[in-house]
Each structure stands twice: as C-alpha cells, then as structure tokens.
Amino acid sequence: MAGFDKVVSTYEEAMQGLEDGMTILAGGFGLCGIPENLIAEIQRKGTTGLTIVSNNCGVDGFGLGLLLEKKQVKKMISSYVGENALFEKQLLDGELEVELTPQGTLAEKMRAGGAGIPAFYTATGVGTPVAEGKEVRVFAGREYLLEEAITGEFAIVKGWKADRYGNVIYRHTAQNFNPLAATAGKITVVEVEEIVDVGELEPSQIHTPGIYVDRVVLGTFEKRIEKRTIKE
Amino acid sequence: MAGFDKVVSTYEEAMQGLEDGMTILAGGFGLCGIPENLIAEIQRKGTTGLTIVSNNCGVDGFGLGLLLEKKQVKKMISSYVGENALFEKQLLDGELEVELTPQGTLAEKMRAGGAGIPAFYTATGVGTPVAEGKEVRVFAGREYLLEEAITGEFAIVKGWKADRYGNVIYRHTAQNFNPLAATAGKITVVEVEEIVDVGELEPSQIHTPGIYVDRVVLGTFEKRIEKRTIKE
Amino acid sequence: MALTREQMAQRVAQELKDGFYVNLGIGIPTLVANYIPQDMAVMLQSENGLLGMGEFPTGETIDADMINAGKQTVTAVKGASIFSSAESFAMIRGGHVDLTVLGAFEVDVQGSIASWMIPNKLVKGMGGAMDLVAGADNIIVTMTHASKNGESKLLDTCSLPLTGKGCIKKVLTDLAWLEIEDGAFILKERAPGVTVEEIQSKTQGKLIVPDNVPEMQFAQAS
Amino acid sequence: MALTREQMAQRVAQELKDGFYVNLGIGIPTLVANYIPQDMAVMLQSENGLLGMGEFPTGETIDADMINAGKQTVTAVKGASIFSSAESFAMIRGGHVDLTVLGAFEVDVQGSIASWMIPNKLVKGMGGAMDLVAGADNIIVTMTHASKNGESKLLDTCSLPLTGKGCIKKVLTDLAWLEIEDGAFILKERAPGVTVEEIQSKTQGKLIVPDNVPEMQFAQAS
C-alpha cells in the first residue's frame, strides 16, 4: 500500500501535471524560503501562460525571475515587485499582467482559499486603487473592502524538514507565505532540506499538517541572500 | 522598567478589571484545556451579567458550569451545550440566552476578531436555523453566509508553558480554542502549568506570540476528564 | 434482517480507500475505525484539533490533554499532527478531508440532513456537524431507516431543523445502502434478508428501485 | 536647520514607550531602532513574520533563513517569535502593534497617505504598507517636508494614489513635528533653528500654528 507516503524521487515527478495556463501559488518572501528547485524545474519544463501568486517575483536570474526570463508568466499576483529589472521591462512592454495586492491581504487570500472561506472583509486598501471594483461595506462605523480567496492548481512550497506523510516544519523566517500556499493548492508540492522519520516531528509543532501536502521532494538549496547585511 | 514582563502573582490580579456585563472569550474544548482556575476566580469574584464565548459550557460543578450555578452568565455563545443539566434548566427557564454557533464558525469568528477581519463568508449553516437574519451570497455558484467576528473585553486561556513575555505553547489537544481566544481579547489572561525562561521556547514553535497576551499567571490544575475511555 | 451497528460500521468501512483522511462522527461512525482493512492506511481527523487519532489509551498512558471530538481520551498515531480549532475547521471547511461519516435524525431526497435539534426536546447544539457537512464532498450518513415507531427517516423533506442543505449523497441505514440523485433515493444494496418491499414501505421520500438490488456483501470480520 | 535622518529617528524614538511592540518601515524608520532609550524595552515586529527583531548578524551568524521585511539579514532577540505571513498580518490588521513608523511621498490634512506609487514612474508595489496603515491606531509618518524642488509634501489632498485614507495623525518631517486634526496640520514642534514662516511656506495644506511652537528637544545621543 502507498498509504500516506508523499515522497517522490525526482523534481520531474514533483511537478508532473503542470500545464500551460495554470495558476501556481508560491511560498517565499524576497529570496527567503523560496522553492528554488521547483521554480527551476518549471523553467526546465517550459510551461507557459502561467499565473503566479507570490509576494515577490524573485530577482533577475534567480527564483521566479527565471520564469520571467523565459516569458513563461502571463500574470503575477504580488504585493511587491521591485528589485527585478526584467519584471519592470515586461510590465512596461505590456507582456506581463500584474495584480498588485497588499501583503496582508495576499496572505489572507491564500489562507482563505485553503480554509473554504470564499471572501472576507478588510480595512486594508479602502480609498486606494486596490479598492477599485470592490464592494465597500461598513461594520461598526468603519469601511471595509470585500476581498476574495485565492486558490491554484499547484502550490510550490519550501520546507525545512518533512516526514513521508507530508508533515512539514519551516526554518526561521523562511516560513512566511509557505504554510499559506500549502493549504490552497489543488496539488501541493513541498521541497525540503531533510526528510525525517515519521513520528520524529512533535505533533503540536508541525507547521503544515500532511493533509495539505500531496508531494514531498528532497532538494539541495543555494539559498541566495538578497541583501547581505552584517553588523559594522 | 516593566518591559514585556506579563507575569502576575495572583489570580485576583489576573482578572482585575473584569466588570459586570462584560464579554469573556474562553479557551477549551469540553473540559480539555479549560482555564479552570481563571473560571474559579470569576466565580469567586461574583461578576454577573456575563456573556461567555466558549465552545462548551463545562459540566455541572466544574469549568464554566460553576458560573451557571451562581447565575453569573447572561448569555452563552457556543456550539455545543450538552452534558450540563443546569445549563438545560436555565435555558428552559429563560434565565440564559444561548447563541448556538457551528464549531468551525465559532473558531473562525474568534480568529477574525483577533485578526482585524470584521466578517467573512462560509458555507456552514446555509439553509439552517443558523442562517436566520444573515446575508446569503453566491460565490462561484455556491451559497455562503456572512458571519461577523467576535471579540471580548477579556480572553481567558489555558496554556502549557509560557515565558514572562507571554509567549505560550499548548500541550496536545488542550490547544483547541485557546490560541484563537488569546488573539481576540482586549485583555488576554493566560494561566499556565510552567513559566520558563525567556529564550527557552523556540521562536518558530510558539503557538501564541506574546503580543496577544497581557497577563500570565502560574497555576495548578485538576484537569478533570469528562469521558475517561481506556483500551479494553 | 436489519444490520447490527457493527455491520453498519463494517459496510461503511468498505468505502474507505488507502490514504484517506476521514472524520468519523459519534456513535456508529466511530465504530468504523474497527473495520479499517489491514492492508489500508487511513488517518482519522478529530475536529477538536487532531489529525491521526489512535486507539484509546491504557490506564497508564491516559492523558487529560489528549481527547477526541467526542471528549473521549485517545492517543495519537505516529505521524499525527495537532493544531487549533481554527486550523482544524480550515481543513474541514476547505474540503481537505476525504470522507466524513456522521449520524442523523433525518435525510431527504434533496440531500438535506437534520441531526442536531429536536424542537421542544433538548437542544444540545450542532457542534462541528454543520461545518462537516458543508465542507465535505464525500459524506456518508449512518442511521436507522425508521424510528422505533416505524416512522421513516428518509423523507421527501426533512421535518426537523437542518444541519445542512443539499449536501448528502450517500446513506447507509440498517436496511439499505442508498444514494441520493436528482431528488430521489436510489436503492443500491439491501441488508441481507431484507426485501425491497420492506425498504419501500419504510421510505417516505421518493425511492428509485433499480432492476437489480444486490444484497450487501461482508468480508469476514477481521 | 533641517533635521538629519539621524535626528529624525531620534525624535521619533521619543514617542516610544516601555513595552511597545513597534513596526519600523524601511529608511529613516529603520534608524529609530538605534535610539531606543536604554531603560526601555521595545520589541520590533517585522511583517515577514518575526516579532523580536534583533541586530544585524555577524559574518559568522548570518543566515539566509533569517531576514527582515526589508530583506536584510537579521537576528532574533531572546523571547522572539516567528510565524507565517498570515499570522503576522493578523497582528498588524488586528491592531496589536502599538506603533508603526513609515515613510511617505505625501500626507494630507485628512490624514491620508501616499507612499507606494508614482504613476508613469516605476511601480514597486505596496508591500505591507496598506495593511500597516489600516491596522494601526498609532502611526508616525517620517518624510522630508518638501521635495528637492521645494514642493510641499504636506497637502490639502494627496495627489498620488493613496496607501490609506484618513489614517495618519502624526507626521515628523525634517522641519517639524505635526499632528493632524479636524482637517488641518497642527504645528507642534519646530526643528531647532527653523522658523514658523519657513514651515508655513513649505506646507500646502491648512496649517494651524499655536501661539507657542517650541523647538524640538534632543537628549544627548546615547
């Protein structure tokens, strides 16, 4: 029996089923905690017309920047897209659609997508361009925007350790959007630094329970640092 | 400087400021993970006209059942109120208002209350008595109810270990509603079995960050078991 | 003959698949755990915040901090995870549980279910049942086909306050396995020795009886 | 004389209180951390999921998995907690952060702020700024009073796309400390040596000048 064993042995298997035009939710903040090998596999695969939901879009030549290079991305849903010259160019050339979404709203939209909440209200963005076309509603005398959930055909996630059942923990601030993306993908793929024995992770300390995870793949990571800052 | 030291030395201090007519959010599921000493302190204090938001209402003579005995509770917001004969009597006698709320909706209402989400949509309860008076709205062809957030003047929470900064972890399934209540109280009081040194809890493994916690008190716990069930 | 509670659990267990995450309600649904085939891995979700519920503890391992949604003391299996009630219902509401089994007072031909309240009798509350029926695609309701007075529980329209509207597709009673489609119960299997006529007489809602209605098959109890 | 960036940070730091949870934006706000009084405990929230941000690491302790919202490598203090972006913004949106300090392009007399977009120039995105201004009761905006061309940034109505509407009550510029009330900027303090007239000439929005506008006081740098 296969049971709950989610481990696949290659990145090719990990991204099997990804097709042109799909929506992918990606964990990571800046270059921290990004599923760098899964992104590289999507580049290798050459899938196009993708909608990517990710707080950032990597940098030139690394992370999601790789997919921009190959023009695989049709649309980005992100809160911050600076630090990427190619991104800027594709945006200005009209090659890339961008839906800018406040960071907290983006996180909550993914959580809602995984949690069966189709929409929620938030004060974030009221009276700003983000509010365009959205319902405004007053609760207790204050205005709030209606924001809808996000889900995707795939979620690509970077974990620290996972067991074969797909229970995952994240390391330090590499957690960020990863557990949220993990809940909202129809197929959730997690790449990790280490696969541990089932039972090794303390049940109350698991960040992403295996029920959300479809595939686990073991990788090695460059973990590029975007802004190396050390004490003077 | 007091800084972030949240520890108080008595239960009296822990519940200072509680007044008649206030709303209290309580952690716990059944008798598991209930803030039993904080409840006993409320009983001792004799505060009345309380609205209690808690999944259950204890049993006769223990947990929130104590507050029913003294007729301190005006209204319960709960998902399940069985297992309590006094509760039944007060309900039938019209002494107690009850707002029955589906368990998942109740959990999400507390989370929303703490997270600045005034309202959200859920399919839970559509077409049932829970939907009475609530907006129904269609997203992607399915009906959902609008449910509003819950907050309270106090949250009473049972943790396992906390540090003086109010960082808390919960033990096993005694977690349940506790971290949710903790986020949604104007004053959040956590009683724990052990106070550990600041820095002892691993940052990524903290269930309730200290920012949500106002007071921490050390207690000893009976931990009564509602349905003792052992392997035959 | 009408199925026993154990036989009902055994029949439901035939719907399990390897790798399923399952939420079992209180009563007969709980018994399903005793009939999980040995060559199959199934993980039980308990809505108070436990994925990977194990067997009951011993007198030595019993722990007040480890209970299930029925408030019974339990253990966790290897590979279990434990989380808050909000996370637990995120799983349930978000459709991540593969199969939900729960009891009911009534079910109707529209797939509506009533299971939490009998007006003028005690109201215990809906607990997590409304979330479970709203969140799951795959639900099996287990109940007796008729009350002790012989009144059908499979109705044209539920008479009691609903737990969920139009969400049930599969019902196992002590007499039959039925599926709900296009406003009718489809009789799929009979309990051994129970006639189509008896089922028909005890089903108030529209019942469609295919030409061939096989008897339920039971593997040897393990 | 106009305040330096360091003096601006120093003045903002005077608004800190013992036990405050504070979110500091990029730029001048980040420098505020250097002026936390030694007899005061303040905990820094970084919206990528860190409560209790510490100093920059050394070459030995640097860790790619430990960054702040400005993507700089950082450390965590003792007693820090680390969590998901959803939890981080639950804190922010839920009003649990005691003070938020952030930069802006423009602020207006209604307390609206523009800080994330200059049409027809590069759009980098709002990041967490919209959530921060919507979630906090207590916000200090830090910016230069006027552009290099001398155009006022304290306006009757913001000209750029907003980050938040009606949410700002306190502004520190290189020239003045101002509070926003009833549709006007109230001039509370002048930078040392800066005249009320200069401030008036560089404030496009309605400015109320009380009879007495003291100069800012600075403690000795620690």
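A, B, C and D are the chain letters, set down in written order, and residue numbers restart from 1 in every chain.
Operating definition for what follows: a residue touches a chain if its C-beta (ideal position, glycine included) is under 8 Å from a C-beta of that chain, and two chains touch if they have at least 3 such contacts.
Everything numeric here is computed off the predicted structure, so don't read it as measured data.
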Treat each pair of touching chains as one step and give the shortest count from subunit C to subunit D. 2
Relative to subunit C, largest Cα-centroid distance belongs to chain D
Could you tell me which pair, B-C or B-D, is linked by more C-beta pairs in contact? B-C
How many Å are there between the centre of subunit A and the centre of subunit C, using C-alpha atoms for each centre? 35
Taking each chain's centre as the mean of its CA atoms, how far is subunit A from subunit B in angstrom? 32
With chain centres taken as the means of their Cα atoms, state the distance from subunit B to subunit C in Å. 29
Listed in rising order, subunit D residues that touch 2 or more other chains are 50, 76, 82-83, 89, 92-93, 134-135
In subunit B, what residues contact two or more other chains? 108, 111, 115-117, 122-123, 171-172, 175, 203-204, 207
Any two chains that touch count here, so list every such pair. A-B, A-C, A-D, B-C, B-D
In the complex, subunit B residues that touch subunit C: 29-33, 55, 78-83, 88, 91, 98, 100, 102-108, 110-111, 122-130, 160, 171-180, 207, 223-232
In their shared complex, subunit A is touched by residues of subunit D numbered 46-50, 55-59, 62-68, 70-74, 76, 82-86, 88-89, 92-93, 112, 117, 122-131, 134-135, 161-166
Provide the residue numbers of subunit B that touch subunit D in the complex, in ascending order. 1-4, 111, 113-117, 163, 165, 167, 183, 198-199, 203-204, 206, 209-212
Can you list the residues on subunit B that touch subunit A in the complex? 108, 112, 115-123, 137, 139-140, 142, 144, 148, 169-172, 175, 203-205, 207
Please name which positions on subunit C make contact with subunit A in the complex. 18-19, 21, 39-41, 43, 45, 50-52, 76, 78-83, 87, 89-97, 134-135
